[in-house]
Structure formats: structure tokens, C-alpha cells
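Got a structure for you, questions after.
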């Protein structure tokens, strides 16, 4: 499995407080966690906003099984042409793990079809409760774990109903949030996971790393890739054309 | 619409603290709320454990559009034959609203197929958050409301994934709970709503009454009733037998 | 309830075969069916591509409870600005009924986040089977009905998993299709229904008219309208700001 | 992974036509397919109705990761005590693959909570269409495949809405069926797959074997096993009692 960890990498360049927590950038902290937990089962590489095509060239995308996405202040700086390619690649079967403020990224909103809005507040404690205990994304995790310092994300979170709801979080202020959600889009799998603000060392926390590693294993494609096109199908066509008009684009 | 409010009515007979809160029994408080909010759109009647067949005779069941169910200490006293009839009637299309400790009733467990276990604690504050804002069960409700004194019910709640998740609650202790859940079973609709402990005046609270009234409107059958049997279907049978072997049992 | 029936109205102007079947346009046939079945419960009006803003001005959209959408050869001619407004209005709570070749409309693809591709063939018989018999969209319908002449739409249909799957169709050639699908998006409800090709008199068929009328009743908003924005929420904010930052845009 | 293939093994003893197709019993044909496709990844063993405790002793169940179930004429002969143990074991996390006429088995009806009725007819051709192309159960399968001789199972199939719908079948007579369905129950995963009548060599067909093998891989538990009980949870209890009252029963 090849995982590409995409990081906006702006806060880390511009805000001293973030540099202290993530001196190598959040993307490297996330990649480090994946290497630690997935070991030889995965090749983990990174890509960032400032690279040509944001580091997501055709070659990189075509060879990526799972893409993780963290963005925030630079959502608008992401090129629409890259978003279109990532979107197409998800529909072909690439897994996508959207993290925290990535809820407002172009790619997530395009896949969801909704505003993806929520309510938010800095500085609270979060409890992450498992509501789907047999799901592979919960492997090795306790029924509940705590993120001691976090940004609160609260309902109503404007997303389509998840195909599978994995985690629900509560906060010290009494809010709740569907913090771990699975969807299928085309042949691809999408997982959103909310913990992970830039000013807290959340991506070093073992349970958080475990969730992201499990999600990569869950989201990696097991079937051959391709995208649904809209072919004419004469009677009996499916008996002699077993591919039924799926096309490989990347 | 005819609503039958079923109450176990044991705590109210045996515990002075409950008598003070519900001098006429919880079932009458629930029925009163429904009469107030549904007005002429509904005929609301009650039935209790101590009545013959627990007040759920063939005639009563056959004429009930929506049944609400509150039970706790007397779950085991409910006759299996009555449970079988209620189950069949739900599959035929009768709506069922299961309240609070009804999560462990025979009828709810039979419909869910799981243990319906949870974690619990007396005495906390509950926030009920809407996570499906356009759903008819949320009509007239704010995005969140508070139940000031409640029993905590926490995850993992061992239920099948709801077809539609309407409410998520948080508690002062940091727990969360899927407190409003919809399922379809046969032709019938089932709604579970967790607020409602016997020692608190929860069934007098306007938002709680609104949820239960909305749920009755949502769960009332709109199609003709009947139950799936397993008929032999020769080729072309469906063109001349439009009923396709559905049977009316009640 | 105010229903706006949107029709592209191009085939009817350009193809004689279609004119013969729908001399007043498909939109008027659909509107006529709704008036017949919804009676005084609904005001039904039409809008077409060639009108200013395609007939979907701010005033019209703001007063529409349910919009039905039929388009095909002119999908690309629909102004993106109108699509954005319709999208926002669905998220605010307006119901949307997408018909047949509307699967490839801009608004449907934007709400789904997928290609919405399928396989297709002209000229076959279709059987429409109910797989959710207690659902309000099936009210008054038999377990199965036949569309004698139809265009085949077959799987894989590239849509997100429906929240509720209502109908599955089979065709003479052996294909299958999820022909009636429900989703929730924001506060709005979306229903896709596939029968309805321009060269067949499908929108005069009683069962088809019944499905569309039932869908309008199901999709009409029951809660106050508004759209999720992303407000900052200080601790305790929800106790004094019960609106929680929902905004009315139309 | 340890897979236990359970077979009723009555038709094979009593009907010559079935003996000819399955001289070693259907259970052995199914087990053979699993051994062929899962290889060293799985230990595959069989159990039958006529064995003590139907071959499902505490030891066997406790060591089973995935149980497959084929039964038909002997559903009523299955001991309720065994059904209770299998049910509990599924809730603990054991995968369950229910095949064909197993739709009417005690264990499947107990897990579903519905009648599990359908319409049926012998002798037709079946097309099995994939409607969830990225799902692990579809790995290595074409978009559609044909079962040349089969028993028709048709809608309405009285099951709870599947968490994930994988396959839809059509038949020569025009019927449709949700032929591959996934549910979660407790910590366990359940898959129902309808092809497989006793008088046809369906369990020798490569695509059928592939589906069942894929389903075993999907359903095998990845998390530690246990069953939800209903513990009292004092405030803060979850911080010092990370197991949150899950119990291992088998």
C-alpha cells in the first residue's frame, strides 16, 4: 500500500506556536505515525501545497492507494484542476482520509455535496466514543479515549448521513460531534476524522495515530480501479463485454 | 390516527418518589402530551401491564396505528404471546415508539436482534442535539435542548445501525448516546427515544412531548397493512396477482 | 405546498416524435399529474430552460417547497449561478425530485458528489419493485408495476448509497437498477426516480404519477428553513443562542 | 482465520437428485471452495445438524472466526440452545455468512427481527449485479455474472435495510432480489448471499466461491471479542475502567 500524506504546511511556516508543536510540519508527524504502525505494509510519502501541482502529479496520484488530507487556511489556494483529478481518482478507488479542518477543503465538499459547516471553539477536552465496535477502524482501540486539549467541532455537522458512523465525540462544553464517519463514493472509500488542531500535539497521540493507520488499511482499494462512464448497452452486451464500460483514467 | 400509550405502571404504584412526579402514572402524562399536541388528529388511549393481555387485545392492537412503550422493572412480566402479537403488528405496519428503559423490553430486543445493552448512571444533565435537521421528528424543535435532570445512558448502545440517526445526547460526565434512532421493520416504523426516567418530570417537558408527538406522526402507517409471507410465485404470477402474497393477520 | 415543475423543454420543441407524445411538453404532463393527485394540497407551477434565469428567480425559488427536475440534452445550458442557488435552496430545506435523465444534471451531480453514470439502452419493458413497503413514497402502489415501453437504465449507477432505497427495477434484457432512491442533504430531501423517457407516455401512467406525487409530499419541508454556516461557539453559547448560527439565505 | 461451514445435510441424505450434485454434501463443496481460495490464510472445518450440539459445541464456537450457514428443511430441528449460543457469539464478534434458504433459519431471523419472507420459484436464470463496486466482498468479481440454473428469490424480501447492499439479482421472469446484503450486529458482521439451491451445482461455480471466500475475509473479526452488558457507570468511571463493562462469554 502506498499512502500519500498531503499537508497544507502553512501554519507551520507562519505561526511560531505551531512550529513549536510540529517543527517538521504536521504532514511529517502524520507520516511518521503511519510508518510506525503500518511498517513494511506501507510506503508513506508526503506532498504539500507549495510543490508543483501541490505535489499531486498524475504519477503520484496514479500510484497512491490512500491519500490523507489536512488543510485549513489555504483551502482556496488549492488548484481546481488538482481537486478535479483527486476527485476522479477517489471515484476510481483511491482511499481518502480527511482530517480535522479538511472538512472545509474543496475535495471534501465536492465529494459530500453539502456545506460541511459545523460550530467550533478553541480549547476544550474531547472524549472520542466508539459506536461501531467491530469495525476495522476501531481495531486496537479502547471503547473511549480522551484528547486532553482540542478544538471543539460541534453539531449540526452538515454532511450526508455516513454509511457507517464510527466515532462520536463529546466536549467539556456539552457539545457532540460525529467525529469518525465513513462513506463510499464510486469505487473509493472516504473517512473523515475530526481530532487534529494545529496548535495541539494531537498527531503524536497513540490512539489518534492508530485511528489514521486503521483507516488507511480500511480505505486501501481491494478491487481493480476504474471510473463509471455512461455507455450504451445493447441487449446481451453484458454477456460479451464483462467490463461493462468502466474506464481507467489515471 | 389512533395512538395507544402502553405503560408498565409499576414504579408509580410502588415507589413514593415516582408517585409524586407522576401521580396519574407516566402513561397518562405521555398520553396527555400527545392529546395536547396532536389534538383532533389523534385518538389517544392507554394500556397497562396489569390489564388482561396487558391491555393489548387483538381488537386494540388491530385498531392501533402507533404504540408507545415504556417499561422497566416488569420487562419479564410481559407475556411472550403478547410480544409475538405486537411484533407481528409492527411488521404489518403499526408504528412503535420505544421510550427510555424500554430499550430492554422484549419487543425492542426482538425487533433489533441485539442485546440493546448500554452504560448508565443516575443524576446528570443531558443535552439533546439534532443531527438530522430536516427530519419530520425534529419539527418545531431547536438545534439543541437541555434535560436538566436525567439518567445517563451511554455508548456503546448495542443496536443495529439506525436507518436514520436523529438525536445525539451528551451528559455532564462526558458520555454520549444515540438518543433518537429510526428503523424500518417489515412495513412498520420504529423510533427509540432515550430521555424519560421515572423519577424526573421529563414527560412534562415541552420539547420531549414534541419529539414523541412528531414521532407518532412520522410512524403512523400510510400504506395498507399486511405481513410478508413466503409464497410460491410461478412465472408471470405477479402480473395477475398484484398482492404478491402479502397477508393481513390482525 | 408549492411545487415547481422544471422542464428543459427542448426535445418537445425539436423532435416530432416527442411532440406527439407530449404536445404541451413533459413539464406540463408532470404538473397535470401532480394537480390531479395533490388537489388543493398543492399549488403546482412550471418553469423552463428558455425563461430568464430558467424560470428559477430568487422569488420563485424562495417560495418553492418542492422542485422537480427533468433535463437531458441541455444539461450544459443550465447556468452555474442558477445551479448554485438551487443547491443552496435544497440545503435550506427545499425538496428536490430528480427525474430520469436528470441523473446527469449539474444539480444532481453537485448534490451527489459522484459521476452519476450508468448503462443505458432504448426500448425495453421495465418492472418496478417496491423494496421499502411502508415508506410514504409507496402509498397506494402495488408491490410491483410494469412500464411497458421504457429506456433501460442499468447498474452500476454511480451514486452514494441511498439513505433509503425504495424501488428496484428489472428490464427485459436482465439488467437491474436502483430506480427510486432517497437522500438527505442539509435540511433538504432528495428523491431520484428513473422511469420517464421523452419518447414514451410514461408521465401519463397512473403509477408513475402516484410516485411523483407521493415524493412531493415526502420531500416537502416540515421544519423552518436555513443553511448551516460555521459560527464560533463560545462555551455555553448554545444556551443563550438557540438558533446556533443557522442562516436563512433565500 | 478459522471458518466453520455448517450444513444441515438432510437433502443430501434423502434426495437422490441432490446426492448426484453434491455427493459429499453441500457443506463439503462450500468448504472445498474456501480451502481453494483462502489457502493457508484459513483453516476450514465443517459441522452438521446430526452431530451432538449440531457440531457447534462451546469449544468449536469459541474458536470460530466465521461461521457459514446453509439450512432448509430442518430449520425447526435446530436446538434453540445452540441458536442462543451462536447468536451470542455473533454479537461478540464472530462473522456469520448466511446462504440461500438460510434466510428462514432461526439464527438469521433472530438477528434480523423480521419475518425474512420472500417470493420464490424453482428453475430460472439469475444475473448477479454488483452495486457496491469498491467493497471487499466484490474483489476479483466482474460487474455482473450469471447463474445459469437457479431458484428465484424475489422481493419484497422482509429484512431490515442492509448497512451495505452489495448485489442485486434479476431473474428470467422479471423479478429482482437484494442478493448480497451486509449488516453489523453487536461486534459481529453478517452477510446474506442468496444463490445456492440444493439441486444445482451453484457451490462449484467460481464466482459464487469467490463471493463466499471474500465474505469470510470481510467478516473475520479484527477487534477483540466481547459482548455488551449493561453496567452502572459512575462519573469518571470510563477513565479508570477502559473496558467499560464489555464481557467475554465464549
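Lettered A, B, C and D in written order, each chain numbered from 1.
We adopt the following convention: contacts are C-beta pairs under 8 Å (C-beta built on N, C-alpha and C of every residue); 3 or more make two chains touch, one makes a residue touch a chain.
By chain, with names taken from UniProt: A, B, C, D = Trehalose utilization protein.
Quick caveat: nothing in here was measured; it's all calculated off a predicted structure.
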Would you kindly state whether over half or under half of the residue numbers at the chain C/chain D interface are used by both copies, giving same or different?
-> same
Based on the averaged CA atom positions, which chain is farthest from chain D?
-> C
Distance from the CA centroid of chain B to that of chain C, rounded to the nearest Å?
-> 32
Calculate how many whole Å lie between the centre of chain A and the centre of chain B, each centre taken as the average of the chain's C-alpha atoms.
-> 37
Chain C, residues touching no fewer than two other chains | 127, 132-133, 143-144, 154, 156, 161, 163-164, 172, 174-175, 184, 186, 238, 244
Note: in the complex, chain C contacts chain A through residues 91, 104, 110-115, 117-121, 124, 152, 154, 156, 158, 160-161, 163, 172-175, 183-186, 227-238, 244-245
Taking the complex as given, what residues does chain A use to touch chain B?
-> 125, 127, 129-133, 143-144, 154-157, 161, 164-165, 168-172, 174-176, 178
The chain C residues in contact with chain B across the complex are 93, 127, 132-136, 138-140, 142-144, 146, 163-164, 184, 186-189, 221-223, 238-239, 242-244, 246
